[in-house]
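The two complexes that follow have subunit A in common; it is paired with subunit B in the first and with subunit C in the second.
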Partner chain A sequence: MGKPVPVAMAQGSSCWGCFQSLVDMHLKLADVLPLLDIKYWQAVVDFKLKDLEGYPDKSIAVGFYEGMARTEEDIHLLKVMREKCSTLIAFGSCSCFGGIPGMANFSTIEECYDAKFRHNKTVNGGEVPTKNVPPIAEVVKPNTDYVEFDVYLPGCPPTSKLILTAVTSLLEGKPMDLPPHAVCHYCKREKKETPISEVLRPYVGQADPKRCLLEQGYICLGSCTWRLCEGPCVNKGATCRGCFGPVPPIMRDHGAASISMLGTYAPMEPDKLVAQVKDPLGTFYRFDYATSHLGRIRIKREDMKKEEHHD
Partner chain B sequence: MMGDKVEPRIGVFVCHCGHNIAGVVDVAAVAKMAMSLPYVVFSTDYMFMCADAGQQLIRDKIKELNLNRVVVASCSPRMHEPTFRRVVEESGLNRYLFDQVNLREQVSWCHMRQPKEATEKAMDLVRMSVARAAQLQSLPIKSVNVTPRTLVVGGGIAGLRASLDIAERGFEVVLVERLPELGGHVRKWTHLFPADESGAQIIGPLVKDVEKHRSIKVMQNSEVVEFGGYVGNFTAKIKNHETGRTKSVDVGAVIMATGFEPFRPFGYYGYGESPDIITLAELQELPPRADLLRPSDGKKVNKLAFIGCVGSREAGKQGHEHCSRHCCSAVAKAASDLKDKVGEVMILYQDIRTYGRGHEELYRLARSKFVIYSRFPKDSKPDVQVTANGITMRWYDVLSGDYLEFEPDLLVLASAMVPPGDIAETAKMFGLTRSADGFFNPEHIKLAPLTTHTAGVMIAGAAQAAKNASESVVDASGAAAKAVSLMARGQVEIESTVSHVIPELCSSCRTCVTACPYGAISMDKSREPAVALVTEAKCHGCGTCAAACPSNAIIMYHSTDDQIMAMVEAFLCTPAQVEGGTA
Partner chain C sequence: MSQSQNETVVPEHWEPRILAYCCNWCSYAGADLAGTSRIQYPPNARILRVNCTGRIDPEFILAALEMGADGVLVSGCHPGDCHYTSGNLKLRARWALLEKVIEQSGVDPRRVRLQWASASEAQIFADGVKELTEQVRKIGPIRSEWK
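Take a look at the complex of A and B:
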C-alpha cells in the first residue's frame, strides 16, 4: 500500500444515511481508513469550507458528494467539490437522482413552507426562518444540472459492500466494473408470466415466498431497478421500492419505465388500475422524480415562471 | 446502426393537396413557422408534393442545400410514405431520414370548420415532426427470401379461385379444407344469382380444375393447427382429421378464404319451433325436386313466405349490426324461381338493397311474377306464431297502413352472414385483427383491401365481410395477384422499424414476452441467464415491448425514446419557452 489517497466527503441536503452506510463497514474500516487522507468531511473531521476552497484544483483524488443541492450553500459546495476533486462520485440516490428530497417537487416551495413552517402541526404561529439560513431554490434540480460526475453510486443508501467495492477499486486506481441488469436478474422467486387481476397493498394477504411478488399483485419495482443492492429486499419478502434507481444507462426514466411495465402485468380497466395504485408518484418516482421526464417538465415550468418575472 | 452525427439540416415541405389541406389550414403560415425551428434550413408550401414537380422540388432542395432530413407535411403516411421515402432515397438519403406529417386526414378533413385551430394543430404537428427529424437515424435496408408457395385456407369458391389463379401463374399452392369435400357453401346452393346457374354448376368445373392441377396440393379433412414465421417464410402445421397425422409445410404467402357461417336465428320468428321455418341457407340446401315440399310432412308447398334482415342490421347488437348484403338479391332470385312451383310467395322486408349488377333486374323479375313484397317497420318486426294448425304471421304493412296476416306452408328466414364460430382462434393463430362485425380486417379498406396487418397474409371473400359469391371471386383473384407478386419478387424488403434487445441490459424479467402481440420475442436460452431476443421479421414495430421494458433494454428503431421525447417536448414547450430550460 502506498501513500494515503486524498479524499473529500461533502454533504448537501440529505439525511447522512449514505455516510452512515460507509461507516457501517465496521471492521473493514480498519482496512480502508489508513488508505485515506481525509481532506474534508463536515462534522467528522475539522476542516472548514474555506479549507476545501483553498486546495489546488483537482488536488483531491476522490470526492463523495452525498445529498441533493437545494440551498445556495449546497450548490456552492457541490461546485467547489467538482473543482477540487479529480474523480467526483454522486454518492447515493439523492446525489444521483434527487432522491427522497426530490419529491418536494410534487409541491411548490410555498406549499413546502406551509407544511414545514407556517402550518406545521407541532408549531403555533410558525414562520419561515429568514436569519442565518442560506437562500433556497424554488425547485430541486438534480445535481447533474450543476456538475458532471465521474461515477454514480446510487442506493438509499448504497450498501456497505458496494461502497467497499467502489472505494477499494477507486483507491487502487482500477476501473470500477458495475454490472448492469435489474434486481429481477438475481431474484430467486419463480416467474410464471401470469397477469395480475388486482393490485394489492403491501399489508394485504400473505405472499407466496417462492413466487414473483409482482405476479401476486404487489407492486415490485425490481424489474426496473439497478441490481447493485443484490436483491436483499425481494429475497426476504419485501417488494423492491426502486431505491437504486434505473438500470444503466442510468439517467433513463425509472418511473415511466415502471408504470409502463405495470401495464403489461395488469391488463385491467385503466380506471380500476388507477384506483388501485395508491400514490403513483410516490410509488414510481420515490427516488428519482427530479431526473425523470415528468420532473424535468416541472423544473422547466419553474424556470419559465422565473423568466416571466424577469421580463 | 449508423451514427448520423453530422448536424441535422432539415427541409420542410408543406403540401396544399390542392384545396384538401390549403382550404382549411393556412399552409403558408405553417411553412413560415417551420423556418424558425431548430435545424430547419428550408421550408416551403407547394400545391401537390406527391406530383412529379413536387417530388423534383424535394430532390432539388436536398441537392442544393445539402439537406439530410426531410419532413413532408401532407396526407397520411399510409398514402404517400412509400412515395417520399423513394424520393429521398433517389437523392442519396436513407429512407428512415424522412418523416411525414398528416395534415389531411388528421387535420384539415377532421377540423374543416375550425380553420384557425386546424392551423394551430398543423403547426404543433410540424414542430413535433421537426424535433423528431433531428433525432432520426439511418437504418439498414433488409430483405428476406420468399418461399415460392402459397397456403390457401378454405376450399370454398374464393379459395378455389385463388388457388387456380396462383397455380396458373406457375406457383405452388397448398389448399386446406376442413370438410371432406371442396366447394364450400356455393356447392350446395340451388338458386345462385344473378345468372341462372346452380351452385353445383359453377363449383363443379372449378373443383375439377383445382384437383387435377399439378401445382395444387389439396388437403381435405384438414385444418391448420399451428402457424408461425414471417413474410416469405411461414410454416404451417396441418392436421388431417381422418388419419390424425400432422404435416408441416413451408410457404411464402397465405390467403385466408375461411368464409362465413349462415346465422342460425334461434329466438327469431319461431326458428327452431317448427321444421317448416328454415333459413335461406337451409332452403338452398334442400334437394332439388320438381316440387317444393314441406320438411314437416312432405306435402307440396302452396304458400311460401320470406322474411328479410334476420340477424342483420340490428343497431347496437354486437356482430349483427352489418347488412349481410347477399340476402335481398338471393331472396329475389329464390322467390322468382320458386314462384313457378308454388301458388303464392310473400316477402316481408325492412328495406330492399339489390345493389349489384343484374340484381335489380331480379327484383323486377320477382315483382313481374307477382311475388308480393310487403314492408314492415324497423321497430315493429312481424310476429310469427306456430300452432298445431301451422304457421301464422302477423305484421304491420307500411304501405297500406294496415295489419296483415298470412299462413305460409313454409317460412324462409334470410339470416345473416356471420363469421365462423372459431374465427377468434383463427385470428389469433394468423395474427389477424377483426372489425366490429367479427370478420377479418383488411390492412386498409381502400388503400390495402386484400392484405392484412400481418405481412404476407391476404384475405379473400366472406372472410373479410359479408359478401356474395361474385364479389368473393373478385377478391380471390386480387388476393392471388398479391400472393403471386410477393412470390415473383423472390425477395421482400422488411421494415427496419423493429425492436432490438440489448442483451447486456436485459434482466430476464420476461415482461416483453408477455407484452408482444405478435409472438416475436422469445428467450434466448443460449445465454445464461436467458435473455429476450426479437425475431426481426416477425416484429411489426408496434413498440409495445420497448414501452413495457422496465430496464430500458429494448430499443424501438425509428421510434426511440429520444425521438418520442423530442416530440413530446416540442409539443409541450414551444421553442421560445424552452429557452432558459435546464436540458
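Take a look at the complex of A and C:
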C-alpha cells in the first residue's frame, strides 16, 4: 500500500453513533488505520476548525459528515467540509435524510425550546441559553440543501461491516456494489400471503419467532427499507423501523412507501386501522421526515415565514 | 401539531388547481359520462387516469401537494366493485393513514378527498369535484399553508 490517504471526519448535530460504529470495527481498525491520514476529527484528534479551514481546497481525499446541520456552526462546518474534501460522504441517516433530529420539524422551534429548556421536567425556571452557543436554524433542512454529496451511506448507524466495505472500496478506488434489495431479502422468517386483520403494538402478545412479523400484525418497515443492514433486527425478533431509509433511488418518500405497504397488507376498515396505528407520522417518517414531501412542505412554510418577515 | 391556523387571504383571480386521480374502470368512465351528459361542474380538476386506485402510492398525492396542487381528488370504484377485486380496499387503508399523516404534519387534510363513483354515477363524480373545489377555494392556495 502507498501513502496514507488524507481523510476528515466531521460531526454536526448528532449522537456520535455513526463514528462509534466506525470504531466498532475493532481489530479491522488495525488494518484500516495505517492507511488513513486523519486531518480532522473533532474530539478524537487534536485539530481545530481553523486547521480544517486552512487546508487547500479538495486536498482531503475522503470526508465523512455525520449528523444534520441545525446550528450555524454545523452549517459552516458542512460547507467547509465540502470545500476541502474531494469525496464527501453523507455518513448515517441524519446526514442523508435528517434522521431522528429531523423529527424536530413536527414542532415549531418555540415548542422545541419549551420542551427542552423552558418547561423541561427536570429544570426549575428554565431559560433558553443565549451565551456561548451558536445560533440555531428555525427548521431542520436536510444536508443536501446546503451541499452536494458524492456518497450516501445511510443507517442509524451504518453497520461496521458496511463502513468497512465502503472505506475499503474507496481506498482501493473500486466501485461499491450495493444491490437495491429490501430488508426482507435477509429476513429468515417464513412469509405466507396473509392480510393483516389487526395491527398490534410491539408490546402486545408473543410473536411467533418463525413467522413474518408484519403478517402477525406488528408494523415492520423491512419491506420498504434498504437492506444495507442485512437484517439484524428482524432476525432477532424486533421489527424494522426503517433506519436505512428507502430502497434506491434513496431520495424517494420512505414514509409514503411505508404507508402504501401497510395499506396493502392491512386492507381493513379505515376507522379501525387509524385507531390501531398510533402516531403514523412518527412511525413512518421516523428517519426521513426532512427529505419527504410533507417535510418539504414544512420547510417551505418556514421559508415563507422568513420571506414575509423580511418584506 | 404545529399548525398555525392563520387567517388565509385568498388572492384575487385565484382558481384552485385540483389533481384528480380516476380509476380506469369506474370513475374515469364516470367522468366521461359526466361530459357526454353535459353535467356542469368546475373546470378546476385535471384528471389523471390510473388503471386502479390500488395503483396509487401515497407519494403521488404528497408529491402533487408539494409541487403546488391545491387539492387532490381520488375517485375509484365502490368498495367491493373493484375490477381487480381488492385494489380500492388497499387504497382505502392507505388513505386512512395518509389523511392522518397529512393532518399531523400541519397541512389541512380538507385538501384531499377520496370518493367512490361508478361508471354510471356521473353526477356523483361531478358533485365530488365541485365540493372539493369549493372546499379548497375556502381554504386558499396551498402556498398559504407555507406561511
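Convention: the second predicted complex is superposed on the first by the 311 of 311 C-alpha atoms of A that agree within 3 Å, B and C clash if a C-alpha of one lies under 4 Å from a C-alpha of the other, contacts with A are read in each partner's own complex, and residues count from 1 in each chain.
Keep in mind that, in the parts below, a residue touches a chain if its C-beta (ideal position, glycine included) is under 8 Å from a C-beta of that chain, and two chains touch if they have at least 3 such contacts.
All figures in this text were calculated on a predicted structure; none of them were measured in a lab.
Asks: Please determine, from the superposition on subunit A, whether subunit B and subunit C clash or fit.
Replies: clash
Asks: Give one of first, second, both or neither to describe whether A:V277 is in contact with subunit B, with subunit C, with both, or with none.
Replies: Only subunit C is touched by A:V277; subunit B is not.
Asks: I'd like to know which partner A:A266 touches here: subunit B for first, subunit C for second, both or neither.
Replies: Second partner only.
Asks: Taking the superposition as given, does A:R252 touch the first partner, subunit B, the second, subunit C, both, or neither?
Replies: A:R252: touches subunit B and subunit C.
Asks: Tell me the contact category for A:F47 with respect to subunit B and subunit C: first, second, both or neither.
Replies: neither
Asks: First (subunit B), second (subunit C), both or neither: which does A:R296 touch?
Replies: both
Asks: Which holds for A:W16: it touches subunit B only (first), subunit C only (second), both, or neither?
Replies: Once the two structures are laid over each other on A, A:W16 reaches no partner at all.
Asks: Which parts of subunit A are touched by subunit B and by subunit C alike?
Replies: Common interface on subunit A, subunit B vs subunit C: 252-253, 257, 260, 263-264, 293, 296-297, 300, 303-304.
Asks: Report the residues of subunit C in contact with subunit A in the complex, numbered from low to high.
Replies: Listed in rising order, the residues of subunit C that touch subunit A are 1-2, 4, 54, 57-59, 62-63, 65-66, 86, 89-98, 100-102, 104-107, 143, 145-147.
Asks: Spell out the residues on subunit A that touch subunit B in their complex, using ranges where they run on.
Replies: Listed in rising order, the residues are 141, 145, 180-185, 191, 193, 195, 221-224, 227, 246-249, 252-253, 257-258, 260-261, 263-265, 293, 296-297, 299-300, 303-304, 306-307.
Asks: What residues on subunit A touch subunit C, complex-wise?
Replies: Contacts found on subunit A: 106-108, 111, 252-253, 255-257, 259-260, 262-264, 266-268, 270-271, 273-274, 277, 279-281, 284-285, 292-298, 300-301, 303-305, 308.
Asks: Touching subunit A in the complex: which residues of subunit B?
Replies: 504-515, 529, 544, 547-553, 561, 565, 568, 572-573, 577-583
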